[in-house]
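Each chain gets a letter, A, B, C and D, in the order it is written, and its residues are counted from 1.
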Amino acid sequence: MTVEILEIDSRVLRGNPLGDPHLRRTPVYLPPSYPKGRYPVLFMLTGFTGFGELMVQRQAWSESLPERLDRLIRTKKMGEAIVVMPDCFTRLGGSQYLNSTATGRYEDHVVRELVPTIDARYRTNRRRAVLGKSSGGYGAMLLGMRHPDVFQALACHSGDMYFEYCYQPDFPKAIDLIRKHGGAAKFLKAWEKMPKRMSGNLHAAVNTIAMAACYSPRGKSFDLPFDLATGAIDAVVWRRWKSLDPIELLDRHARDLKKLRGVFIDCGSRDQFALHHGARIFTAKARRLGIRVQHEEFDDDHSSISYRYDRSLPILQRYLSGK
Amino acid sequence: MTVEILEIDSRVLRGNPLGDPHLRRTPVYLPPSYPKGRYPVLFMLTGFTGFGELMVQRQAWSESLPERLDRLIRTKKMGEAIVVMPDCFTRLGGSQYLNSTATGRYEDHVVRELVPTIDARYRTNRRRAVLGKSSGGYGAMLLGMRHPDVFQALACHSGDMYFEYCYQPDFPKAIDLIRKHGGAAKFLKAWEKMPKRMSGNLHAAVNTIAMAACYSPRGKSFDLPFDLATGAIDAVVWRRWKSLDPIELLDRHARDLKKLRGVFIDCGSRDQFALHHGARIFTAKARRLGIRVQHEEFDDDHSSISYRYDRSLPILQRYLSGK
Amino acid sequence: MTVEILEIDSRVLRGNPLGDPHLRRTPVYLPPSYPKGRYPVLFMLTGFTGFGELMVQRQAWSESLPERLDRLIRTKKMGEAIVVMPDCFTRLGGSQYLNSTATGRYEDHVVRELVPTIDARYRTNRRRAVLGKSSGGYGAMLLGMRHPDVFQALACHSGDMYFEYCYQPDFPKAIDLIRKHGGAAKFLKAWEKMPKRMSGNLHAAVNTIAMAACYSPRGKSFDLPFDLATGAIDAVVWRRWKSLDPIELLDRHARDLKKLRGVFIDCGSRDQFALHHGARIFTAKARRLGIRVQHEEFDDDHSSISYRYDRSLPILQRYLSGK
Amino acid sequence: MTVEILEIDSRVLRGNPLGDPHLRRTPVYLPPSYPKGRYPVLFMLTGFTGFGELMVQRQAWSESLPERLDRLIRTKKMGEAIVVMPDCFTRLGGSQYLNSTATGRYEDHVVRELVPTIDARYRTNRRRAVLGKSSGGYGAMLLGMRHPDVFQALACHSGDMYFEYCYQPDFPKAIDLIRKHGGAAKFLKAWEKMPKRMSGNLHAAVNTIAMAACYSPRGKSFDLPFDLATGAIDAVVWRRWKSLDPIELLDRHARDLKKLRGVFIDCGSRDQFALHHGARIFTAKARRLGIRVQHEEFDDDHSSISYRYDRSLPILQRYLSGK
């Protein structure tokens, strides 16, 4: 099993507003026959609070991503591919793989830095797919739609979409907690000192703030999607969020999606964040727009579903192999 | 302690579409000095799944409403009043105290039937207030706004408002459950046979359907506020719901609310249904419109908060007494 | 439907140590043909925090006990019987239907007061059964075992037994809460002022204290089954509790149980308090001792299972009718 | 930061009954000045489902153990030490660091293999302490008591003890789940195929079985501490478990513990597994036996408490340095 961990010195992340590192450790899985041929490349994006290196760590009772790939390839379930695991983590937990003045240029990091770096260092065939779960599924959708020249396929597992269901229900809890600390800045300051960063209602507040930093930045800061004084949703900010919801991105990127060789989307039918509804809404709308989507549901929730990569990895590899 | 239980034969509820009874047992509390004077009348509306008679039942460790009234009056915390406890229960759990072609004419039942009946049978001074908790708080707000000629004051405890926060988060769970049964009609049929009507996610589905029957009836049936196939919110139906949200009712009824002698609104600052946000939004908007609102928050959630009547009952009695 | 609510002036409860009332409102259901014949009598015991009158109150979507009885008798599912609903409630939530120097003589109240009173006032045939759910199931087991001359049958639904599983897991939480208040006396004083008597971990503490008052009284006070300082279980006190566990009562009362015409025991197979294990252990041991037990399990938990009375009431009536 | 990952080929784990690997990757942290001096050695034991390598993995928002050590040493909060992170993981989730015919010789692995290996390979001063959290805290207590010649100090964080509170409450849930699968062997077989090994009630069943394999082995299999048919606790098996409870081990090892330079024990005062009670009971009993124990409580629960190593690591290092 070969995994190289590239230490990428990102130019676009230098001086990023959150003070996050510009040196990024990026694991690259090389398939068994490497370097005998030329290989398609899969970019695997992690979910919120994750980063690429987590995917190569050994876990109790479950395979790391490289172990999974080795097994899939060895048992002929999947063709060979290079798999890159970017690190787009931020102090706020993640970047949604977007460029934002409040977090940094993570979209550029993946598309303009990692893609050419991988092509330069490894024997790729210049075919690429992007995939991920949760926020990584969102990133796959976003990068796939916006860069059909770069990626030829995408897989979105339980990805963030239909923000009315996946984010909005967190707002009341987020407001309560942020108010208690006297505003978002004070909340963040207190939060960075807490030993337990995600217990209780913290997830609602942290996720809402992180998404605001991604979807509604204002210079190096961000607009919250609600009025902290009353709790009412701020229609203007909410419009900005919604314009980045894959459901609405579809309106602008239908033609781009049609260029792809394949779009795979799935979700557990009991997803705690109601993302199965998002996937259904996306699929129905995409099909109305004439886009071919492979949509699946499975009987599970949002947690510990990396076994679904057994489904998407071979499909993406096949899309890229033109089979 | 005197409580008379009137068995009201409602004309407006005869032949109601849900087949609910038109005979309604309606407790009436009479104050200690009754019938020596003439008394203001408070209409106390129960929450979802409740009806007036529940308020006179003996409970472990807590006072019934008549016991509470007796204590408040005896200890001079409150002036005397007649208190009426309407029964607007339906097979779906409640009526929101509205007229709906799908449930029945509950607004008329209270305003056109109970009010004159009470005046006819008891020594009232024709001053009236309406109050309640949760769906009863909603009803108090609705009836107070729409009938300022009938009611001179209202108190809304943890009342349903800002539907984005109090109802919308239930939609994904409601959709899942309704789909599983093959639609709302089949769900209701199965539900009526279940021994446990509110366990697990049932509350989300039942409440959503009941609210649809109140807010978006279509003849004897109703429109769901979402597309069952995909889960997407139906913007047209949602507009109908929102037009009955107290936050929006304010636009049409600001002048009516100004006629009242008093508007009291409170909510626990940890309300599970986020109704404290609704109360804040309502209060801020009402004040911008020049309406005087007495707004309080208390450190509790949505459950077992009848002790808050100790606060509102004396205030309402005082409003009506012109003190 | 005829329900008479007897106001019993209990001699044995006068001056009880908790200062609870000696006047007890005791509903008595009379069957449709009453008083044309002579009828067996069923004593229905409520669970912790309950009292007889709760069983006649109207509820949303569920039958009261008298409504249930009327339906069962009308549809010939059950023969006629008088059903008595004792009130053995205490300030601590219940009495376990035991005589205790710390709570009062509730066993005597049922057996020596209610039984003769009912025989004196109503046309009984002097055949009696006792039944109940949860703490009421415990009471049914206890009274049935100790008074086979008084009761000829019993039914125990999800009754407290195998104290290792149903009470012991509460001890750590109870200790934490009682310590926080500075001991059981101070805890109780604070608790009696709380508006919410059973929220969060309160149930664990209140139930443990109430059981100590029943199972390990010391004069007017009681011994806790653990050392508050360290949390260690007090083996001596625990032995006193265990000697009142139906599993151990069996050792002393096997012969008494054999005198009964019928012993019915059931429990949900997902009981939150693990009482299904208790019922299995009891049944296995009873059968080893040669006692006939009708044991059933149903697919449910501990809550809202009054539909199981549809099963036990006809069976008990039949036992008493000698069919 | 220097961490060497030793790949230990364990002789005592060869042919272990669970078929777990005998090659064990064992990280060793070397302090900044290494190899200039001679250093005490700390053996850090992980909790259930853990293994040493997890402690060196990078995490979102929290330090790895080597990062923590570097910071503590750099800021002079702690003196220098070598820290070894053994891998005693098994297919069942852990070994409790015991020798068991059902799992393997993990006590021997640490004491007879790792200790001499470390002394042979590194510049140690032959002073050693053992510490850990949860099952690792149990292991620290066990190894410290049984090998006072090997270890001179121990720290037990939230360690398994007073089995009545930490294990027994799981039995009813474990029984339900094991019965559903038709016995422990069939349960394990099904469990090993589940993608989610610890969701819902699985933890109760898996932990109970794993502890049985450690505390009550029978050849290569094990005795469950209850009768699966009825759920009753098996007194004989339970005695075997209890004889390995640190509370009872104290009776046999009081003299051994007195030989140590230091015993540190702490626990969160809201531990979900009630281990704070265990720590209090242990401490009270140890002190009665004349053993000096440093006992602390902190306001937290059982999860994400690695920040407590900031407390124990410097203390242990100091104990070993004879200061």
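FYI, contacts are C-beta pairs under 8 Å (C-beta built on N, C-alpha and C of every residue); 3 or more make two chains touch, one makes a residue touch a chain.
Keep in mind the model is a prediction, meaning the values are calculated, not measured.
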{"item": "Chains in simultaneous contact with subunit B and subunit D", "value": "A, C"}
{"item": "Chain hops separating subunit C from subunit A, counting only touching neighbours", "value": "2"}
{"item": "Contact-richer chain pair (by C-beta pairs counted) among C-D and A-D", "value": "C-D"}
{"item": "Distance from subunit D to subunit A - Cα centre to Cα centre, in angstrom", "value": "37"}
{"item": "Distance between the centres, which are taken as Cα means, of subunit D and subunit C, whole angstrom", "value": "44"}
{"item": "Chains that touch, pairwise", "value": "A-B, A-D, B-C, C-D"}
{"item": "Complex interface listing, subunit A residues touching subunit B", "value": "162, 164-165, 168-169, 171-172, 175-176, 229-233, 269-270, 274, 276-277, 280-281, 284"}
{"item": "Of all residues in subunit A, those that touch subunit D in their complex", "value": "49-51, 53-54, 57-58, 60-62, 89, 93, 195-197, 199, 300, 303-305, 307"}
